[in-house]
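By written order: A, B, C and D. Residues from 1 in each chain.
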Amino acid sequence: MTLSDRARLLISCPDRPGIVAAVSQCLFDQGANIVHSDQHTTDPEGGVFFMRIEFDLPELDNRGTELERAFEPVASRFRMDWRLAYAARVKPLAIFVSKEDHCLLELLWRWRAGDMAADIAMVVSNHPDLRELVEAYGIPFHHIAVTRERLDQAETAQLQLVDGKVDVIVLARYMRILSPSFISRFPNRIINIHHSFLPAFAGADPYAQAYSRGVKLIGATAHYATDALDAGPIIGQDVERVDHRHNVEDLKRIGRHVERMVLARAVAWHLEDKVLVHGNKTVVFA
Amino acid sequence: MTLSDRARLLISCPDRPGIVAAVSQCLFDQGANIVHSDQHTTDPEGGVFFMRIEFDLPELDNRGTELERAFEPVASRFRMDWRLAYAARVKPLAIFVSKEDHCLLELLWRWRAGDMAADIAMVVSNHPDLRELVEAYGIPFHHIAVTRERLDQAETAQLQLVDGKVDVIVLARYMRILSPSFISRFPNRIINIHHSFLPAFAGADPYAQAYSRGVKLIGATAHYATDALDAGPIIGQDVERVDHRHNVEDLKRIGRHVERMVLARAVAWHLEDKVLVHGNKTVVFA
Amino acid sequence: MTLSDRARLLISCPDRPGIVAAVSQCLFDQGANIVHSDQHTTDPEGGVFFMRIEFDLPELDNRGTELERAFEPVASRFRMDWRLAYAARVKPLAIFVSKEDHCLLELLWRWRAGDMAADIAMVVSNHPDLRELVEAYGIPFHHIAVTRERLDQAETAQLQLVDGKVDVIVLARYMRILSPSFISRFPNRIINIHHSFLPAFAGADPYAQAYSRGVKLIGATAHYATDALDAGPIIGQDVERVDHRHNVEDLKRIGRHVERMVLARAVAWHLEDKVLVHGNKTVVFA
Amino acid sequence: MTLSDRARLLISCPDRPGIVAAVSQCLFDQGANIVHSDQHTTDPEGGVFFMRIEFDLPELDNRGTELERAFEPVASRFRMDWRLAYAARVKPLAIFVSKEDHCLLELLWRWRAGDMAADIAMVVSNHPDLRELVEAYGIPFHHIAVTRERLDQAETAQLQLVDGKVDVIVLARYMRILSPSFISRFPNRIINIHHSFLPAFAGADPYAQAYSRGVKLIGATAHYATDALDAGPIIGQDVERVDHRHNVEDLKRIGRHVERMVLARAVAWHLEDKVLVHGNKTVVFA
């Protein structure tokens, strides 16, 4: 078997008996061999059922359409939201950055190391600073200045770049807000990273607040961008231990490390179709 | 649905297409509703396939035998190792201890808190010290002295206590070796805990060795007991950070904390039928 | 050297050159041998200086007063807040609980294991439920009902029990609020534990909120109680990983495990005089 | 105060009363202000005492020699091993690599981000592969082929490059053995990284062994290189959780992530003079 024969079937639907039987019978009839399978139900009675099946099908390239057609009746019978993702069709991805490069570099490094199955189509930035770094990786870099007055204009330019050309947008410390209208074009396909603390700190300079509060853990949350600023479905979180010896700069430095790890992991999960969204939360079949 | 309607089907067999379809169809035909399902294959071509399906079946108590009978042809067709575990049939368990009580107490506490679905049938010890503590929990305590000369005699007495009466034996810092013949009576049903370090230290007083080597992590491994001392299939592992300020006593104290956590977690997984053994390794559907 | 010869000198004062020299010279003149020493300054210029020195002094019992007298001029010269803590004078401690026993049991277990240098003088509860458990450890249990109407009366009774008799109060899941006046009697000597999430959830049933938000980490924070509910100086924090498979009950169970670990660690640090408070934050020389 | 006024005094000597007093008095007399101070004794009676003092001294550049002269009598009185490290004198460092770039890239990235206070003087490799990557950072790259037959010759060439020019050598996945004679030129100044498991696996392809053993944790250890292959003083260790879903390639990928983190952290500690070596173990004042 080769990568070109591998696909992932993603399903969510109202839970009721018989789903797994119907899905797996259909795949079997088509000659598919299940490699991994994960499922989850929020409640066996009246809940929502989620499934991710990774399978191999010889000559998938030719037979995918047939498979999809064969699956239609099953999907419709169980009122499924579903999609088939071909492992060999690596997702085109745009990275949005501002000036900080730590998240960008982690993504580029993993991408070049073969740890991240994406086609990084472009990097878009509201600053010109990281052009050289990005172009050294052979990736197109687009500088689109974003001013408060000309937000619309900037978004139009950004949209022109990404529309129809990328499947996922990663906000790798992109420090501008995207409009609801922009976000709505990429539902659950824009991944953002932001710092997180216990407890949370609202308002300006959260690291300074965390410092004055003497927190013992510095964290980061990767989530899908939604209209609700930083409150979209959480994909992944992690923390790092800190203590009184760390000053605000140290907290920021440690925060950068947590951010790049959490973001890179979340992006990899998304690219491997391991994240299903349900309302405002995720099911991550990691 | 109630707990009495819930069961878990555990399967391992040579991997080939059609297993999931056949299994899930059979369960569906019987009226079962799948609640959780995990599967794993060591290799889609020629590997071993593992599956754990948790399902609800109304009136399971009456209909379990019928279900098992219906499943037989499927199992035989795919040459399955399989068993059906009824969630309501809580496993009877014996805890073997010596003098140290930290693992024992963690198990008793989780058991009383309802975090551990076992019926602790007895505690067996080669020392009388922990009798009072155990009996305060309303659990029978058996003191069986174990001397090097009378190992056989002691094991005979132990076997008399547990044989046919318990399903699982937890060695909660039981400091005597069990004979291969005793262990062979409970294949993959005796759970042991031992300290672990990076690197490993063979020989006496490993904590003193770890101290002189200046290790920065103290760990513990829970595993199934086999003839090969401390080398059976690993169920779970964890570590705790230490530094130069910790003396040998501190390392032992921290080691005790790691041990009780790792052991309790491993026992819970076993009791919930989440651990499948494959050669000398485990698949843990945690 | 024996434990009876060991003491800890805790200092905080405005930072300026010469403090360490003066302190260590004074200890040396008295015949003390420094065993551990930690110091921290918030800012070498104009900041606050913190120091914890653990030392051995032969016949400390007889010579402690002399040492304190000799130290007075040094303390006054540098305008120090300071105190001398004798390792052998184990701190009397009261545990306040309600119905949940997980934090209480962890403390009792560590105390009996010799991992926690306290004299647990009493357990005070607003419910009678845990009496038997506590008394089995040979510890006095006091049930003081607390009603919203008779809060004052209850606190008077509590105060009568603890005043002058305990040095530290641990709120081990004590579900009643203490009045500012009660708290002010034990400044930085009441230790509380509460759940913590990324992000934080205000209002009722935070675990249910965390569940609907799909958080991936469950945490707990141990802190000193102050007037500001749950916002006192943080002593310690930790988290445990969770995922979509965990329901609200699972989150609570995991939360309990984190809580008892974080609280027990914080209490141990406090008892070993490792926590210094500075405004609303702590310096923990762990 | 500026960085140019900051220094670190590193001391180890037989423990006895009066050391801290003498050292801090001497620093005070010279006008130094202590910023951080850590100390550790292996045993207050007859043990070894370790100290790291970070201090500011105005015009350190001019007054350092005077300070060192003033400290001589103190050092000699207590038979100290000691050295003074100037924070502004960033240590020149050589990175040795083979073909794998993950550790190298992490170091380069932290160095450029200002998170690692080193002067990376050169990268030396037994393969030409990473030349372009290194030179893009403006760092000289030297390819010195190393064959089994010509090991001496290669080491002579390597020595010519580094001798007198670098203070620290980091083996960032350098897959050749260095001779005892080479290592003895840089005692406790060559930092190596290697994979670590619980339990340890001797012999070839440890990741494959770890896979067949079903380990649940993958780790890495950073240590000083000594004659005893991979058994020098441990500086830092960490682990990452794995499970049955990870194949050998996954374990290696995860191992790479742990390795780069552990190595980068150890190198940073070394560069900030936070690591003191004592026999075959370290005291890390992190």
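Just so it is clear, contacts are C-beta pairs under 8 Å (C-beta built on N, C-alpha and C of every residue); 3 or more make two chains touch, one makes a residue touch a chain.
Each chain and its UniProt protein: A, B, C, D = Formyltetrahydrofolate deformylase.
Fair warning: this is a prediction, and the values are worked out from it, not measured in the lab.
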{"item": "Centroid comparison with chain B (C-alpha atoms), farthest chain", "value": "D"}
{"item": "Selected pair, greater C-beta contact count between A-B and B-C", "value": "A-B"}
{"item": "Whole-Å gap between the CA centroids of chain A and chain B", "value": "36"}
{"item": "Whole-Å separation of chain centres (CA-atom averages), chain B against chain D", "value": "41"}
{"item": "For chain A, residues that touch 2 or more chains besides their own", "value": "36, 40, 245"}
{"item": "Chain B contact footprint on chain D (complex, rising order)", "value": "40, 196-200, 212-217, 219, 221, 233-234, 236-239, 243-245, 280-284, 286"}
{"item": "Chain C residues within the chain D interface of the complex", "value": "1, 15-21, 24-25, 27-28, 31-41, 44-45, 56"}
{"item": "Chain A contact footprint on chain D (complex, rising order)", "value": "36, 101-102, 105, 109, 113, 115, 136, 245, 253, 256"}
